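Look for chain A in each of the two complexes below; its partner is chain B in the first and chain C in the second.
Showing the complex of A and B:
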């Protein structure tokens, strides 16, 4: 039976009873509320004097209660937004900040801090304006009104990357306000007074009011666009409305609690993992679960007294991740139809022509990068430098050349990792960031460099690789019995990745004397990398090339579906395991040298596909060349654009790549395949 | 053999022998386990008990490649990756014959061209599979199975998405393949008349058990059919081929038919 058939057959079964979940969530909520309110309430009761009573009631009404309400509202809103986005895009991995709402809101926060004229608007109004603006941009890029789910996902992903790279870049450049924003980036439920909460809550009302009208059409969308249309659902309108409602929910929740979008990813998947699929059941239950989760997490933060460091995001991840992992491992989850790739037709240019053009462009770009900079090195001086007749030029070359070499290598490696993962997970949103490998490697490397400040290159390599491999090991161990089934692997990775990312941020805010430096590393960059780094990276790159060549054909077969591939004699579990291992090695070694550079691994595989290359034999090399091109460009521009200030390459890859990607999407309108 | 999904036993202690060189049709109501049986025969379904013997050897002992060279299986709904051409799809069928590296051998090319020709898609060979009609797409997938140069072909409802003409063409094509190449064919079919036209042996399944197993003439009778599907069926003879034709006795029709017969 195919995946689709299995999915539908579970749907035919009567729904599992959901009372245990409701009961558990209510118990959690009641317990936390009682625990949290017991103290201020008893103070209020025991208050003797009028002044004492006043301060106690202030404590209750202005601090404790708002914070509880904020947790409940934000958790519920994030969960609802996630549910709606996942239904509208038919992708269980879609998160509420899919359309770049969170990143946009963060930009709004920065603008509010930076532009004095906008101070009075800082807070909810500005967050809304920016968050919804980002969502609108993503919608327009996706083709607006009639956007197919996959285009929506990808355009949103690109927009989100664009905004968050802008934010991180600004943060890295203007260090002063960093601690405050970084703390807020973690999510903070501390509510100074009830007023801000009231404003944000008002914004929640319209999207929630729309929901009852949305759920039934959204449910029909699960059958596919054509089937939904044939039973009379206005598909484009439904999807647009759903996107707007979810974006509004997210914006409000972000304004209340900061970007804890992870809850929106987690809560609906938790409910579905229990075997509930009916959207009318899932939506309220997800909201309840999300509220309970956030409340419990926040309660833990406040209760343990660790409130400065252990932020709500971390606590959420700590509470939610094991839950989801347990459910994934217990194997209660039938696989829904997973969406493969962005399908864009169009004329295919011959592979050799494109590959050659990319390679030539890369060589030219590298040569240019060697020559250009604060000091222009003419070709003659370059020759002199190599032959040792121009020591100054040789010195400059020694700074520029390894950076370019590293940029090219890591770009290619991250791109290859992305292609492999997207094929194995069979989800267009996959990438080393999605399965948590990047976050795992980053966390371990950062921890190591904080513990041993003098850590050398080999040490960093070992740490990154062990972090990435350990993450992969956990993922594989949990999914071994299900033959590394694609969706489960992705969900496990997402859960782990969220946890690791949250821990990494905490680590930076908590321990680092120079948060900006750590943040720059988190964006990824090639600053100050030497030949030793390049030489350390090279063997990994060379060693993975034959493995990639060997895997190209099995990956093609895997695209036919599990049964078809197994029928053709492909050991699918083995191939999946090997491919995951390969992708992990590629991503972690790159992360060890340059930090988690974004965008490359997520979007270059789609760029290769948009250019018309579908077979892995062609898609892999093209994506790798494009990844190298992109990273080298980012390196050169970042070095020279605002000299002497450096813009981290990781921020620029998204800044350069995302607009190009969006432009390609707009230029190649949806084809017949897109609507499947 | 026994197959279970979780605690639910779909096939319980079933024993089946497929006749070599024949065409066997598996028929039965929805959810009776026929697709599961087919998947088990193909080695795609982990067994909770028992074993599958392929030409006398246990399926589990064969390497994947050996199995894929002997046995091809075609699922009911296939995912077609975008951009894949017919030739590329059929080339995938050579996976078990090829080395991990290296190009196609002359024999591979011959098998691919041969398979495409056998399903009549030579003119469409370089078109994307997603651009083909439903019938052509199904034939492209069958060509992939043929390129495996298998001796056993397992098909799950191969005609479901096709119009009458494509159904007839496919049935004919399968019979030709069976005759000329001696390929053993097992297919799950919903249309009893198609089963009668294609198969020399029919198994009627219900609730994970095989109720009736025999020639088309013996199984496609009102009694076994009533037992299997719970529906009153009429058995007629095809005016041209003398093959059995089964008609469900829709309410008003019953009176007329019985009237004329009486």
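Showing the complex of A and C:
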């Protein structure tokens, strides 16, 4: 029996006593409730006069208590949603966040605010529709219910990135109207007020009412579809109902508390880490644990008074990430082995033909990018610009050309970083943006530029590098004992990346009353970059090229497996170390110039493989050319499409890359390799 | 509880402001050579365009002109037909280049990373509102008139306009004094779109500066970053015996009654006292001298009309 089936199976393990967990959760809840209510209660007691008493009792009953209830309800709902998703997919990682449901619901919230015609549906109904849509998209892309965990994670991650980049782009483009939305999207708890809490709670009743009838058939599903069918379980119906219930739970929870779906991943896995597997035990315990976790996180936020920046989402990530990492490090997260390739095989085209075609396409695209924009620069004007006869055209050329050069350089560097990381860690998910290296580099760079506003380019490179290397170091240290197993590395990286992104956001909100100004920086882009930036980046690119060329062959050998590679006399540890260092340098230096542009390094290695290039000598250059093509396209479209308004290139790489990636997954059903 | 957050902010502020920048310095960075008299100016922020318009030297290009009428809406005649150069945060460099400006004026907090690029297009000045430990954004705005006036060769007019704005505010103060309403407590809130979620303008904001000159008692006394901070629910419920200007987040179709329908507002004494006034959507608090003059009159009228 595979490891996946084992974790849900009840019959093999005797249930352990669960009282310690229940006791711990109840103690946490009681302690936080007492601490939080002490203040309003004492105000009420000390109130003199009817008016003062009335105001104090309002504070207690309408503000303090509902916020506690909101935390408990949302935490419990997220945890239940995670439990149901995990049981229905037999995947310990399926959770509202990782399936894209939370990001989908967030997009639904934004649509409800932005489209007046949809106002009547704003709130839980719209969140439910969008959340369900995201889950459906992720499931279809992954290849259905039985998709391997890593594949589902990949599809859900792409979905999540797609929706969140849509949200970020909208927020960045409509800076004026977003202060309120930005507060919400950070998960400032208790948003709808006591009345709204009541409405959202009503939406929790149907899915919770269905749960008792769902748990038994879901438990049977753990034994496999056939076994479940043989004891009379309607398998498709059970899964459909489970997905509906989990999406409804998530939608209501997001409406109450904002996007804090992390709880849905954490709480059920914590319960299972204690050796409890019976679904009828796990569900209520996970709900209790989730409620306690969110309440504690929210209490911490209220306690510090950092109500604008350090919001509940960030606090949850701060509390939850170490717990999750501990589970990963101790090997308590059940993780089947899989490399999670999205697409293997495919037609093999001659390398030279493809490389030449890509290079020509890149040259044509760059030439087009120089000409196209708010003003069309004809070839004659371009010549005039270079020869100095047309000073305006020369200025415009001086704006467009360095951006295109930087887009091409960073695209190629990010792609190379992705190929190397994916090979070394033997993990199809190991793009620097997925394993958190990008976010780590971005966080450190931003912190540095806030502390020293006149920080020069060398300083920025140094900070980005140290941030990226430190992140990589943490990931490797945590996963050392598990031999860098793919799913664990991905999970560690996702957790760290999420935490760093949240911290970066916090930093921005704390240093300015108007976070919209810095939002654009968060998605990365080529706007306003000059020749000086391009020249600063160039040495890093040039210096890494020979290293990449030298590493291509050893990386091929590594792909044969450690033993085989060692048998051929390869110094494995040295090669691994050098390759990781190289990948981190490539990604971090790119981030230092353009910020956290996502998706390039995740997508392009898969595209190169899809074209039939498996050996690194061919895969690396093709992926780099494709990365340059994607990023230059994002740069040109972002500059010209809505001119004079700019769309950040980082949002566009996700908007172009994510749908294509999902389509790729849909078109190429899982190979045998995925189910291994 | 709150001091911890302020401590962090102060720490960041003290670290991020270089010692070379004196309290009264408005220009954070500027090109070494500026035109003696600039005639083709690009304004990258509303308050700069507004000030230029007041000086009768409207910019040839400005950021977000389509949003200006809705957010500032003053000096509109002189800003009609100004070329759109993109958003305030990411202005279109190409649009600026095509205008062939002889001066670009932006704000340090938004455009500092762009200084080199902007300077490659035209001489550039980036303004910084260092309001120091005691000043307000009103002081900075009044300084701004003379400064921008110097760039466009309108020094005498700038002095006249500054005097006129100060006189207008003084007249408002006199009206308040005459009605015996000096010393009333004033609170200015900005609606944010969420339920019972507001910014309150703090002691370094333009409103606070106006209140000082109008002879009103401004609350709160702390200094938030950018002149604002979030108002807590406890503070909202405790708003008693104050005149409250609530700056709307939505269009004129939503009135004060709709804005204050929530259960929390039912317990705000100032609302029951009829002392909450809805002000139409604007960002005058982040605007220029015309905004200051207009906001002073609006606040004065509000306090005079209150019971």
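Of note:
In this section, the second predicted complex is superposed on the first by the 361 of 676 C-alpha atoms of A that agree within 3 Å, B and C clash if a C-alpha of one lies under 4 Å from a C-alpha of the other, contacts with A are read in each partner's own complex, and residues count from 1 in each chain.
Note that contacts are C-beta pairs under 8 Å (C-beta built on N, C-alpha and C of every residue); 3 or more make two chains touch, one makes a residue touch a chain.
These numbers come from a predicted model, not from an experiment.
Of the two partner chains placed by the overlay, only chain B lies in contact with A:615; chain C stays clear of it. Once the two complexes are laid over each other on the shared chain, residue contacts for A:367 go to neither chain B nor chain C.
In the superposition on chain A, A:560 contacts chain B only, with no contact to chain C. Contact comparison for chain A: of chain B and chain C, C touches the greater number of residues. In the superposed model, A:550 lies in contact with chain B only, and not with chain C. Of the two partner chains placed by the overlay, only chain B lies in contact with A:571; chain C stays clear of it. On chain A, the surface touched by chain B in one complex and the surface touched by chain C in the other have no residue in common. Interface of chain C with chain A (complex): residues 1-2, 4-5, 8-9, 12, 15-16, 18, 67, 71, 84-95, 97-98, 100, 109-110, 112-114, 116-117, 120-121, 192-197, 199, 224-230, 232-234, 237-238, 249, 262-264, 267, 269.
For chain B in complex with chain A, the residues that touch the partner chain are 31, 35-36, 39, 42-44, 64-65, 67-69, 71-84, 88-89, 92-93, 95-96, 100-101, 128, 130, 144-145, 148. Residue ranges of chain A in contact with chain C, taken from their complex: 51, 54-55, 58-59, 62-63, 113, 172-173, 175-177, 179-181, 183-184, 188, 191-196, 303-309, 373-375, 392, 395-396, 398-400, 450-454, 510-514, 516-517, 520, 527-530, 532, 639, 643-646.
The touching residues of chain A, counted against chain B in their complex, run 1-2, 4-5, 9, 340-341, 343-345, 348, 549-550, 553, 556-557, 559-561, 563-564, 566-571, 609, 612, 614-615, 672-673.
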